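Submitted below is the structure of interest, expressed as structure tokens.
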Amino acid sequence: MSAPSNAAPSNTAPSNTVAARALRWGPLAVFLILLIVLPLQLDKVWVNKITLWIPLAVAALGLNLLTGYNGQISIGHGALCGFGAYATALMINEWELPFLVAILLGSVFCFAVGVAIGLPALRIKGLYLALVTLSFATLFPQLIEQFSSFTGGTTGLAVTSPQEFRGAIRDREIKFQAPEWSGLADDQWRYFLFLALAAGCFVIVANVARSRVGRSLVAIRDNEVAAEVSGVNVATAKVFTFGISAALAGISGGMIAVYNARVTSGSFGLALSLAILVAVVLGGSATTMGPALGAISVSVFETVIKPELPKDFLGSIDLQPATPLILGVLLIISVLVAPGGTVGSWHHLLERLSHRSPSPTEAPNPSE
Amino acid sequence: MSEFFQFMFIGLGNGAVYAMIGLGLVIIYRATGIINFAQGEMAMFATFFVWTLTEVGLPLPVALLGGMLGGAIVGTLVHQFVVRPVGNPHEKPLAVVIVTIGLFLGFNALAQLIWGTEGKVVKPLFGNGEFNIAGVPIDHQKVGALAVLALEAALFYLLFKKTKIGLAMRAVASNSESSGLCGVPVNRILMIGWALAGAIGAVAGTFMAPISALDANLMQGPLIFAFAAITLGGFDSFVGAVVGGLAIGVLTDVVPKYVTFVDKMPLAPAFVAILIVLLVRPEGLFGTKKVARV
Amino acid sequence: MQRPHVARLAAILAAAALVVSACGRDEEPAADNDATETTVADGGGGETAAVFINPDTECENYEPTKGITGDTIKIGNVRPASGPFAIFGKVATGLETFVKATNDAGGVKAGDGKTYQLELVSEDDAYDPAQTPSKVQKLLDQDGIFAMVGQIGTSNNLAVRQTMNDACVPSVGLATGSTQWGNANEYPWFIGGLPSYATEAAAFIEYLKTEQPAAKIALIYQDDDLGKSYKGGIEKAIEGTEMTLVGEQPYNPLAETSPESKVVQLAGSGADVFFVGISGAPCPAALRAKPGDWNPLTYITITCTSKTAMALAQGKDEGVYSTQVLLDPTNPEDAANPKVTDFRTRAAAAGMSADDIDGGITTAGWNFGALFVRALELSPTVDRATVMNTLWKMQDETFGLLRDEVKVNSDGATDPWLIEDLRVIKRGGGQWAAVTEMTSYEGTSNDLAGPEE
């Protein structure tokens, strides 16, 4: 299904000139600095917008691990986010757990769900798996509906905690309160909390990808039989990857639940699954930073470009209904122009700039 | 008991539509190896052509033929200008999926822009009458849908098995490079595949629209069922699409009526059926087993 | 090989972060216009007792006149402009046209004597309640609107109810009749613009008492708040009567292809009354799905009465019942009514297409705008609390395209519903005709609602 990687494994000596190192690490450094600096400078509306990019990035990270590195295509990650969101919401409502604890516990639940899906997925391959996961994504809102007695059905479930309001203690939607010692505003505190959680996930996944486990995942993707013959326990690896991937999606969902203080099944269906897949591909699959960049690309369209579209285009055409059309066209163009995603194109550019044979990349990159 | 048969036929009627879209999906898969996410939206678009022609005064059957032609043209254009430039789907499966997702979004929004958001009326091709068989009322339209489905499946089967074009398609699907070297006009064959899929979409939509209303969302639900149909039946089998579609239709409309556990989850019985089938036969009921050199 | 780089990188980043965090951002100054400025909250006539909202005691960071610059009042609206539910966005089209028409006519003459122009800022949430909060936030913080008007979607409104109420920002004329909006004591900044669906059900049951006192009712209801409001309303209204609910089927338009099999199931229940509590295209589909040998007295929700929906019924709309509160621009009986001619002329002049004028969906949005303007006209001062308080003590008012006999009365504490007068109508020959007089359910809407699920 995918071509053999075209990059040599990373034991040839990298170019060590300052320029080469700057090119390789510079963008990452700038990106990280921006992540920390921006929320301190931007106003509340913008901080909230960029906070919402983080769950999408984490979900894309999970899908990337499963689809990019391990080759199992899933179009159902929106539903896994949904499992995490509802689990987190219910835990906060019923047991009044602190947000972070609820999110992490929710992801454990999602890990179990992922393993449960990963087992039959051993038998179901390629595009069949893709379509089965797609059916799963469609089934999820219906599942919520069936058990609406505790999920709230289509009306949704508010994430509440007992708070004092107008003289009485009532269940009201949760709010983030920045602690005094941080000196941050509530929205900034929420952003950094999410960022820390996401950063932890990214670091863990990056290390896994670089490790022996990561290489065995890629080996399974590229040639399962060869991997098995070489001693990789394919079944365990695949199921485990599904579990971890689902756990990450669960964290993403938990963040969304806690951000909106409300979960509705309609938010976790096919549309979200497609958005996550698009984020993975646009960013560059099987790369470390790909999911983050892809999530940003998708979100930039939704939160930045879309609202700013002129209402009066060529006279009286309201462009708002056309936004999916514009998004569709952009998707097609970006795939044609940059099939390796953002990261893939960046590496391509680096190769061309350094006028030499392909430099080692962070992980073997399938030519997309 | 009569109620049970009524549910069956409602399921068969809906299933016929899923199967028709499934046939379009199978054609493209057999010709190009791609799953076309935009199949439903292309069908919806072609159905709007049909509606526009009825608004101009043409009788529905003629409008349908016109819509099929329009659908074929749209399919051809999509292949030439969008799908072909991406490259070989076997090498870049994810890229192709994203492109068809882009088409899915694009066609939906374009239809809304051109024809607005209000539902349009499309009359049933076979009218509003019903047969009464042993006390069970069965719509003419549903029987007609099944007949048309059978006709389409038979035509496609004959095309692929008995004609030169069909042979060329099978060659291209099997190994496009070698086929090209043997003189098969690969691109033209692929175009024909997409054109056929576009045309059959118009038929599917013309049967779907009277069930609810013709608007941009006509095929959002049915597309999912069509995917389920070909997953059940096998991506590369016309018989599979037909059997799968009808089975999905029946499972969805009949089972939730009698099993309260899934009464709010119409897709669940179909999903379970697919899982069971795939675990036993990973290539679907009628799909061909892939044999690859390791 | 990579470790030293990472360590150095981390050090640089840490230093950068420390430097940068020293320069914070410009925090918005906490609203200086706080308690002391809102002197008008007590109704400007010493009627402190009659005021429903007292922002001094109830609001943190209350900004009474945010959104008013000079003589322009900025209002906001979130609606589904794209995606599968874009049809509901037509309601917002009506609101937009109303705003334009009002401005063209010179603006609003408010109760404080000044004339204001309206500016409408619209956002798209694709009917997804997960997107609504950020859009509303943008409208509140970035655009700085005075109030929301004609907000669409029950779940969407629920998603922002707490935030808006905590921020003390009005949402006037919610475009849903869910029974949820009867809770004005806890959420006083939200006021609905449609009659309660439960009241609508009760109005029909009231009519049935004279026509079919021992009715056996079969109900198909949308499996969400709209449908459940109808179900609860029916169950409440038939208590103590001879009527019974013999069949009920929920319907989920997102999961099911058509309501046909549910209708067939209901036909088997032996009912002689069929209540269709679904909105959108599945409603006429349900009418068409009735088996040929089943001819119950059929009722459709008020949200299904538009020209488009009736056309989709392909003839099966003949003889169905519904309720009505607004004037119908396509009905020859109402065509001469000055409110209708005013609507037709002004809407056309403001650019609304003939289809939209006749369509029946835009009139709802037009009405929400009219409600807001009426509130401005009656408000002695134009600030958020006063405008809301005005809405909470309406007396025998009317606005927009409400039928002449409809009287709008409200009281925040005891009567939070504005429109409680309805009349039952019947479809014949492609037109709606009244079968009852305008009946008042004043003050009873909360009682008529079923239990909150």
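Labels A, B and C are assigned to the chains in the order they are written; within every chain, residues are numbered from 1.
Rule of thumb we're sticking to: a contact is a pair of C-beta atoms (placed from the backbone, for glycine too) under 8 Å apart; a residue touches a chain by one contact, two chains touch by 3 or more.
What you are looking at is a predicted structure, and each value in this text was computed from that prediction instead of being measured.
Taking the mean Cα position of each chain as its centre, C sits at the greatest distance from chain A. By number of C-beta pairs in contact, A-B leads when A-B and B-C are compared. Look at where the CA atoms of chain A average out and do the same for chain C: the two points lie 35 Å apart. Chain A and chain B have Cα centroids separated by 31 Å.
Chain C has its Cα centroid 39 Å from the Cα centroid of chain B. Annotation for chain C: residues 82, 86, 89, 223, 252, 254-255 touch two or more other chains. Taken residue by residue, chain B touches two or more other chains at 109, 112, 117, 264-267, whereas all remaining positions touch fewer.
Touching two or more other chains at once are residues 142, 145, 321-324 of chain A. On the side of chain B, the complex with chain A involves touching residues 35, 82, 85-87, 90-95, 97-99, 101-110, 112-113, 117, 224, 227-228, 230-231, 235, 261-268, 270-271, 274-275, 278-279, 282-284, 294. Residues 1-3, 67, 73, 120, 123-125, 127-128, 130-132, 134-136, 138-139, 142-143, 145-146, 148, 223, 225-226, 270, 274, 277-278, 280-282, 285, 317, 321-332, 335-336, 339, 367-368 of chain A are the ones touching chain B in the complex.
On the side of chain A, the complex with chain C involves touching residues 14, 21, 25, 28-29, 32-33, 36-37, 40-45, 48-49, 52, 141-142, 145, 153-156, 158, 166, 172-173, 183, 185, 256, 260-262, 264, 266-267, 271, 303, 306-307, 311, 316, 318, 320-324. If you check the complex, the residues on chain C that touch chain A are 1, 5, 9, 12-13, 16-17, 20-21, 23-28, 58, 81-83, 86, 89, 122-124, 128-130, 133-135, 137-138, 141-142, 154-155, 158-159, 162-163, 223-225, 252, 254-255, 351. Residues 82, 84, 86-87, 89-90, 223, 250, 252, 254-258, 260-261, 264-265, 268, 281-282, 284-285, 291-293, 308-309, 311-312, 314, 355, 359 of chain C touch chain B in their complex.
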